[in-house]
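Labels run A, B and C following the written order; every chain starts at residue 1.
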Amino acid sequence: MKVKKAWIPIFLAPAVILFLLIYAVPLVMVFATSLCEYKLTSKSITFIGLQNYIDLFKDPAFHTAFTNTIIWILIHCILHVAMGCLIALLLYKKPRGWKFIRTAYMVPNIISNAAMGMIFVNIFNPQFGVVNSILKMVGLEELTHNWLMDTTTAFPSVTMVWFLFAGYTTTLILAQALSVDESVLEAARVDGATNFQIDIFIMLPLLKKIIGTTMVMAATYMLQMFDLIYITTNGGPGKTTTNLPLLLYGVFKSENNYGYANTIGVMIIVLGAIVMVAINKALKVNEEDY
Amino acid sequence: MKKRLTALALAALMTAGCLSGCGGGTETTDEGASTESTGSEIVINYPTFQCGVNTASPVVDQLIEEFNAEYAGKYRIQKEDVPGDANYVDKIKVQLGTGDLPPVVYGGGYNLLDLALAKDVVVDLTPYVEADPEWKALYSDVALTTNSRDGKIYASSSEGSLVGYFYNKDLFAQAGIDAPATTWDEFWQQCDKLKAAGITPLALDTADSAWVTSLWAGAMIATSGDEGYEFMKQMNPIDYNNQPTIDAFTNVQKMLQEYTTLDAIGGKYEHAANNFLSGQAAMIANGPWMIGDFSDETKTTADFADKVGVAIFPGNFVYDAPIQGYFVTKQDDPALEEAAVEMVKFFTSAHAQQVALEVQGMVPASSTVEITETAKQNYPLLVEFLDLAEGATVRTDNLQATMYPNLLDVVSQDLPLLASGEMTATEFCQTLSTEAAKNQ
Amino acid sequence: MNPAWRTLSAKERILCVLKYIFLTICVIVAIFPIAWVIMSSFKTNAEILSNGIGLPSSFSLTGYVQALAISPILKYFMNSVIVAVVATAANVFFLAMAAYVFARCQFRFKNALYMLLSLSLVIPMTALLNPVYIVVNGMGLADTKTGLILVYTALNLPMSLLILRGTFLSIPKSLEEAAYVDGAGFFRTFIQIMMPCAKGGLASAAVLAFLNNWNEFTFALVLTSGQEARTLPLSLSYFTSQFSFNYTAMFAAITIAVIPSIAVFAIFQEQVVSSLTAGAVKE
């Protein structure tokens, strides 16, 4: 297998070069400057040790943003992926119209986030939005809210902007489910297993890896979630819907404080690493099947 | 197969690109992509957000055309669209960080001048202005304050921001109101009258830094007495815990709770504008650039323009300040710097200000610029407003222009809490002060 | 595929009906946003802002005419097609190579390298802006499609790596071993045996990468200045400015941007499924 060894660096080279060009410098910069006083307007960068971290842990806005981020990751990793998985399990059996359903369900993911944000601003509009209009129509006027701007409803309302649209997850899981050998399922059917039993005991274990992948994707999607929140609530009212990227963006863009912004960046990267390792460990994604 | 070939070709290309990039990196970065000289003609690449639906777009196009005709063979401006105001600021900031700014930058309402000055990349315009009496004459005292730092002139304004408010004459008549209020007491009475007649008095917003709502707040602060007036005169104040400001935001709280539409909370400027344009709200505070919208039939009804009246704020107040103007950035090529200075001079000349006035209805930055007949015909409401503004006794810049940029988001986030009563005006001002202190 | 309705028990029938109700709701929820966008592209600005769900009062194509007049949308469209397609193809091919090695070979620091590459998934966008601008400018690729292609190929690196490694891991090893026994080389095995087996994963990765490229905004803004390399998402900014807006034209532009990508997705998915069900993966 000596020939094989020689191929390894060649196969890795393009990916590694891309990484070095685009990601390596920023990655080092984020960690390095998080230890510095570094603003857009400052002419030099001064080392200040852990001061940024101390300030960050004292910052109440960080506590809110951190908690919100964690809650959103959990919701997305568990409920959102479960929904995408359920739809994929319904569709791989190819019920009538499944191709249409599959394509239709992906459509919201094709629309850019900027447009989706604007659509939901309209849906939740307190005056003429769809939600309040329907509530009024069915005589539940007392339930109408200013959904995105009321502290009690803002968080769940913003969540709805992305929660229902599990198109990516469904597409990935479905592609995997469709490639499962038909004979395996047929054998189970001959043994008298119901559809439900096949899904739970045969299909799900086979899909474990891809589910793990979608969970990592879901988690990192929420770790980077920015534009949909920015357009719908801009983190408000107060800090109710602020998450880490939004907090970072504010510090970066309006305060021009790059050092402090990168401290938040480090927190995002560390949180991301923890979540990835946790999901991989929990679902044993790294192990080989055969 | 085809895909694979493309991919492989690209790999080769990228490797080549990488090698040349690593080899010649140091030489190429300084040049920047913003300038290129062809023969004796100097090309000024000019990125601008004044394109697309921006109302200044035709003005900029016309000025560039005139400039290129006048300086044909010598200088040429190449317009580069950067659609979206915020996108322009983002892009300039990245270029500020990496050190290759375009030769001419428009400071706009974003105070880019101070950021650029901190990096020491701005050309001192003082000698140029001093050498040209015509240019010098365009600088009023306020314009000097806006565009100079430490006694040196760095920028040149073309537009003024003269802001009062518009009202719907029909709705005022329905509520039995004859004329706009001259005092705040009268103003609140009018609001109550309108409300009693089933009319929403004010179009307000809270999102995107709450432009419309902030205008009312600033007007109340400026007319509250000396303390408030002095506060409004400060550039980048860090202490909002003063009585006039707290009182003003207590009143804003009342406005948001009682005198405006449901969708003001969380609404953007567009929503506020639409509430006024559709006749759902009786008043909106905004500048003359809105006048064009009153006759835009995709936004309102055909006869709406006739219904709109204009007023200055109670307490004889009007916002009056030149908007921070164009500045020139330091370039390796002195000839390009010269060209950029010529461009700024041209873009802020009396003629340019008149073009903006006639085409866009923009108020000139300099009071010495004559209001032309064409402008009077195009914008009768503007002429009416200019007359009223002439009589105003209190003038300041607006709250947003003087506040640190990071406060704009805070205003958007916390106004809904103020409206719901979860936050008091005192707490609101305290938050502003705390956030402002972060800039120290 | 479905068992005939009359062979089902009552319980199964109820389940079947429930299933369709659930799927119908999903489809309605999913179709709503695009339906709303298309409908809004025929309304006036006043109608969009005053009545979010009402039907347009008259059917007019003004929005589309204005969209084409205000922004160079067709030019941007072509740029987007080139940039997104090339970047997606390059990304999926390069990452398939890397993912295959990560899935099959043992070498030193493998896990550390994989973790490092994965970390790029969570680097904040704001941290990337300045360094990437300097790299692209330094290579002389500012304001070129090649520059954008390079950056987009890299932006989808972690996502594709994640998906493709999973795909290769789930392909039985026996397939390659058979190929090696037959005397096929490493590269040939990869191209002729593994790539076809991984079609499902490759397609999924390609779809995600393509959509990300198609909708990417920030780098397109920062890295381009002329009209030669600008992409479609930038055109949407032409329709809202601080004090002026044209929602009708904006939604018309969004429609123009979205419809082709839905078509591409539908056709692409069709290809994938037919290749999968044709038995390409069967042992």
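Just so it is clear, contacts are C-beta pairs under 8 Å (C-beta built on N, C-alpha and C of every residue); 3 or more make two chains touch, one makes a residue touch a chain.
These numbers come from a predicted model, not from an experiment.
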- Message: Between B-C and A-C, which chain pair shares more contacting C-beta pairs?
- Response: A-C
- Query: Measuring centre to centre with C-alpha atoms, which chain is farthest from subunit A?
  - Reply: B
- Using CA atom averages as chain centres, what separation in Å is found between subunit B and subunit C? 37
- Per the C-alpha means, the centres of subunit A and subunit C lie apart by a whole-Å value of 15
- Task: Would you give the residues of subunit C that are in contact with at least 2 other chains, written as numbers and ranges?
- Result: 50, 94, 135, 150, 153
- Query: Using the touch rule from the top of the page, what residues of subunit A touch 2 or more other chains?
  - Reply: 14, 21, 125, 128, 253
- Query: Which residue numbers or ranges of subunit B touch two or more of the other chains?
  - Reply: 11, 14, 18, 90, 97, 271
- subunit C partner, complex, touching residues on subunit B are 3-4, 6-7, 10-11, 13-14, 17-18, 20-21, 25, 28-29, 32-34, 45, 47, 49, 51-55, 80-85, 87, 90-91, 94-95, 97-98, 100, 109, 269-271, 274, 277-278, 280, 286-287, 289-290, 293, 297-300
- Partner subunit A, residues of subunit B touching it in the complex: 11, 14-15, 18, 90, 93, 96-97, 114-115, 118-120, 206-207, 261-263, 265-266, 271, 404-406, 408-409, 412-414, 416-417, 420, 422-423, 438-439
- Please name which positions on subunit A make contact with subunit B in the complex. 14, 17, 21, 40-43, 125-128, 146, 148-151, 233-239, 242, 250, 253-257
- Query: Which of the residues in subunit C end up touching subunit A in this complex?
  - Reply: 1-2, 19-20, 22-23, 26-27, 29-31, 33-34, 36-37, 48, 50-53, 94-95, 97-98, 100-101, 103, 105, 107, 113, 115-128, 131-132, 135, 150-151, 153-155, 157-159, 161-163, 166-167, 169-170, 172-174, 185-187, 190, 200-201, 203-204, 207-208, 211, 214-215, 217, 233, 236, 251, 254, 257-258, 261-262, 265-266, 269-270, 272-273, 276-277, 281-283
- Message: Per the contact definition, I'd like the list of subunit C residues that touch subunit B in the complex.
- Response: 44-46, 49-50, 62, 70-71, 86, 89-90, 93-94, 129-130, 133-135, 137-143, 146, 149-150, 153, 191, 218, 221-222, 225-227, 234-235, 237-249
